[in-house]
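Scrolling down, you'll hit the structures one after another.
Each of the next two complexes has chain A plus one other chain: chain B in the first, chain C in the second.
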Partner chain A sequence: MVDLPPDPIQMTIAMITSPLFLKVAIFPGLTSIGIIAAILTWLDRKITARVQLRIGPQYVSPFGGILQSFADLIKLAFKELIIPEKADRFFFILAPVFGLVLGAGLIALIPFSPETLISNVEVGLPVFLAFVTLSPTLVLLAGWSANSKYPFIGGLRSLFQQTGYEIPLWLSSIGVVMLAGSFNLTKIVQAQSTGWFILPQLLGAIIFLVTSVAEQERIPFDLPEAEPEIIMGWQAEYPGFLFLAAQGAGFVKLYAFSALFATIYLGGYLGPGPQFLGLFWSLFKTTIMIVLVILLRGAFGRVRLDQLLKYGWTLLLGLAIINIAITYFLIEGFPAI
Partner chain B sequence: MTDPAFLVVAAVTIIGAIMAIEARDLVYGAAALGISFLGIAGLFILLDATYVAAFQISVYIGAVVVLILFTVMLVGPAKGEAPMEHKRASLFAAVLVSMFLGIGGSLASANAFPGVEVCGSGCDLQILSQTLLNNYGTQLELLSFVLVAAVIGALTLAKTEKA
Partner chain C sequence: MVAEGIPELVYYLGFITVNTLALVVILILLVSPRDKKPTPVKRAPFESGQIAVGRGRTRFIIQYYPYLLMFVVYDVVAMFLFAWAVNLRTLGAAGTIPVLVFVSVLLVPLGYALHLANRPENW
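Take a look at the complex of A and B:
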């Protein structure tokens, strides 16, 4: 008897109904990332407008213009792709697209609930931060490839900025790892069942928040794309769809970093009520962090590059090391004087 | 039967390394070096050492490649300008690299690190830290010079190309 090859249609159906495929394709994977990034664009504009006593997006749907960002998405996607003549086409196209892919890849590491997790990496936290270190490289390549003045200045600024915040970002998250005894994000959440890490790690959480806003290039740390100074910096030459990718990567990173903050400091999917509410709790905490980061945009002005470098290397780095010392004493007990 | 994933990752690493040397444009060379480092990180993941892979990406791509790109863009030759040939310098570099490879290889051989257990997916963080800091503290400190080496290397690269 010869084994018949499996029916291709049945195989396809089996594949697209498998849990992993659904997770990657729908939630927390690609479809939801796209929709959430579009909604975040709207939320960003609306909240900033309300802080500045404006109305913000209004007309493109009955619900406060929530479809405005989708309309912009469609508009940008159908624009003609004009690539500057002197630009380096390979890196010009590759950098924003790869940046968007990297940003979306970060979501795969976040445990939104015990089941809603694409990839349970044993060392999830360093892998997340390692992915993040790639993005200034891409910004630099994007700025260089445009072969134009403002994009290149933006790319160089992104790099300077990275040297300022990168080390405090890694060091501030070490406190969490020390308390949880693991790099695994699911284990870090489970370790918080006795109490969220935001309390013993308040200092670390603040440093993490500041440095992660710097990583997302949002106000007050949006030096690489400062609109009034260098007209969107490294994104200045990007047309239509590539501009969409460059902007979208920023909002996907906002989502990913807020979710990571909620996971490692605010107890992730832990919360009152039955276990199936875990997904609600993690998304609720993520939303609170997103709104907080957006409010920063309305509240602060832009720092200068020298200020960022100075405080990154002195204040933030010093506080991060102090935070590690405090965490050590919290674990081992304070020495008797 | 060799793991096909290993073949793909190894091919990416080697092709990236060759392109890093052969690229006419230094920026492309640096980017190819980054791809080669990504391949090495993939090899670490295949060896069940995701922790090392994460640091491979963050240190070698996030810092070393960026430093090289940075220096090349700031003080390097203009775009499209072919780098000059340095027969004697490349011979010297080849001897130096092979010496380091020999030393590194002998250090990394099975006899050099007796009693090391593979820190795989179920690895305890405390045991890993103790092994790293107690047994290999000196090596760890020496490895931290890699960034200094990258800065000096990038500056030298950009300088000699100009002369």
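Take a look at the complex of A and C:
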């Protein structure tokens, strides 16, 4: 008797109906990230347009041009792929693609609800920040491989900006770790059942918000892709869908950072009502943070690079250290927090 | 459990990497039109319509270099503070005083380095 090999169809069905695969492929994984990034592109354009007394995209739609970004997606996919003559083709193509993968990788760590969580790593917060740390390398690689002046300048600017704002980002999130006594994001949410961390960590939350906007390279910190100065910076040479990947990575990071802010400061999936509403609450808080960050774009102008670095390294770093001291005395003074 | 969640994370990262790369390869090979004989102008680096002068990877004065040097040192320091923060409640004063000494010893050179880095005449 020969052992029959397992039925491939049965195996495939078993695999694609497993809970982990559904989470990885549908929500909060790949498919939902793609759709959310597309909707965020639309939301960004629409809100900015409203702030500037314009209408924004409106034709491709059942509702207010919401399908505009999907139309753009199809358009960009059918564009000709022009790669500059002297570019390093391998890294030129791979850098934005891996930037997108890295951005999407952040979502795996966010507990949208106790069940819809892909990876319950014990060191969730440092892993998230470590992924963020990798992205300036990819941006610099993208700028360098294009072998053109503006992308190179944009890549260098991105390196300075993201490294400069990284230490305040890390230090501001230390306050949360001190209060929760854990790196695990689910445990951080559980620790907030007595009160959201935004109250004892107000200073830290503000620093975290400012530095995370800088890490996402959004206005007012969009120096690496400043259109009037260095014509989209490191994205200047990207054609068609590679440009889409470079832009999409920014929106995926916006989603991930807003979700992280909602998780560590706004109590994540905690909220009134029965437990199955947890998913709704975390998405609701994430949406509020996303809209807040988009509104910043309408409210502020771009800062200069030397101002950016000076305030990042002196003001934000100093405030982050003060925040750690305040948190320490809070814990020593009121051990119940 | 320290290893909890890591297989799922690796599975997820592998899944999205494979899918994104497959999508990119499909787009490059099948969807995106290619110009068989592109003109030199088409493949020239973009410089706002000007004819590109000189090399793309030019010599570029990195004026803000001191900030990068500080990053190399103080990123590691931030990681040490994470290790202290997570054990804060169990360590108590015995664990906090060495950290205070450690941070204050490192903050003095940081202040001096910032003092030098923030002065434009030193760039």
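Here is the rule we use: the second predicted complex is superposed on the first by the 329 of 337 C-alpha atoms of A that agree within 3 Å, B and C clash if a C-alpha of one lies under 4 Å from a C-alpha of the other, contacts with A are read in each partner's own complex, and residues count from 1 in each chain.
In the analysis below, a contact is a pair of C-beta atoms (placed from the backbone, for glycine too) under 8 Å apart; a residue touches a chain by one contact, two chains touch by 3 or more.
Note that the structure is a prediction, hence the values are computed from the model and not measured.
Contacts of A:134 after superposition on the shared chain: chain B is touched, whereas chain C is not.
Of the two partner chains placed by the overlay, neither chain B nor chain C lies in contact with A:287.
A simple residue count on chain A separates chain B from chain C, and the partner touching more is C.
By the document's definition of touching, neither partner reaches A:61: not chain B, not chain C.
Once chain A of one complex is fitted onto chain A of the other, the partner contacts of A:126 extend to both chain B and chain C. In the superposition on chain A, A:166 contacts both chain B and chain C.
By the touch criterion stated above, A:183 is placed in contact with chain B and with chain C alike. Legend: residue contacts after superposition of the two complexes on their common chain; A:147 is shown touching both chain B and chain C.
When the two complexes are overlaid on their common chain A, residue A:48 makes contact with neither chain B nor chain C. Legend: residue contacts after superposition of the two complexes on their common chain; A:91 is shown touching chain B, with no touch to chain C. Shared contact residues on chain A (touching chain B in one structure, chain C in the other): 121-122, 126-127, 133, 144, 147, 152, 156, 159, 166, 170, 177, 181-183. Across the complex, chain A meets chain C through its residues 20, 24-25, 29-30, 77-86, 93, 97-98, 100-101, 104-105, 108-109, 118-122, 124, 126-127, 133, 144, 146-150, 152-153, 156, 159-160, 163-164, 166-167, 170-171, 174-175, 177-178, 181-183, 231, 236-237, 240-241, 245, 305-306, 309-310, 313-314, 321, 324, 328, 331, 335. Of all residues in chain B, only 27, 31, 34, 50-51, 53-55, 57-58, 61-63, 65-66, 69-70, 73-74, 79, 121-123, 125-126 touch chain A in the complex they form.
Those residues of chain C lying in contact with chain A across their complex are 1-2, 4-6, 8-9, 11-13, 15-17, 19-21, 24, 27-28, 31-35, 38, 40, 42-48, 52, 55-58, 60, 62-64, 67-68, 70-71, 74-75, 78-79, 81-82, 85-86, 88-89, 96, 103, 107, 114, 117-118, 120. Considering their complex, residues 88, 91, 121-123, 126-127, 129-131, 133-134, 136-137, 140-141, 144, 147, 152, 156, 159, 162, 166, 170, 177, 181-183 of chain A touch chain B.
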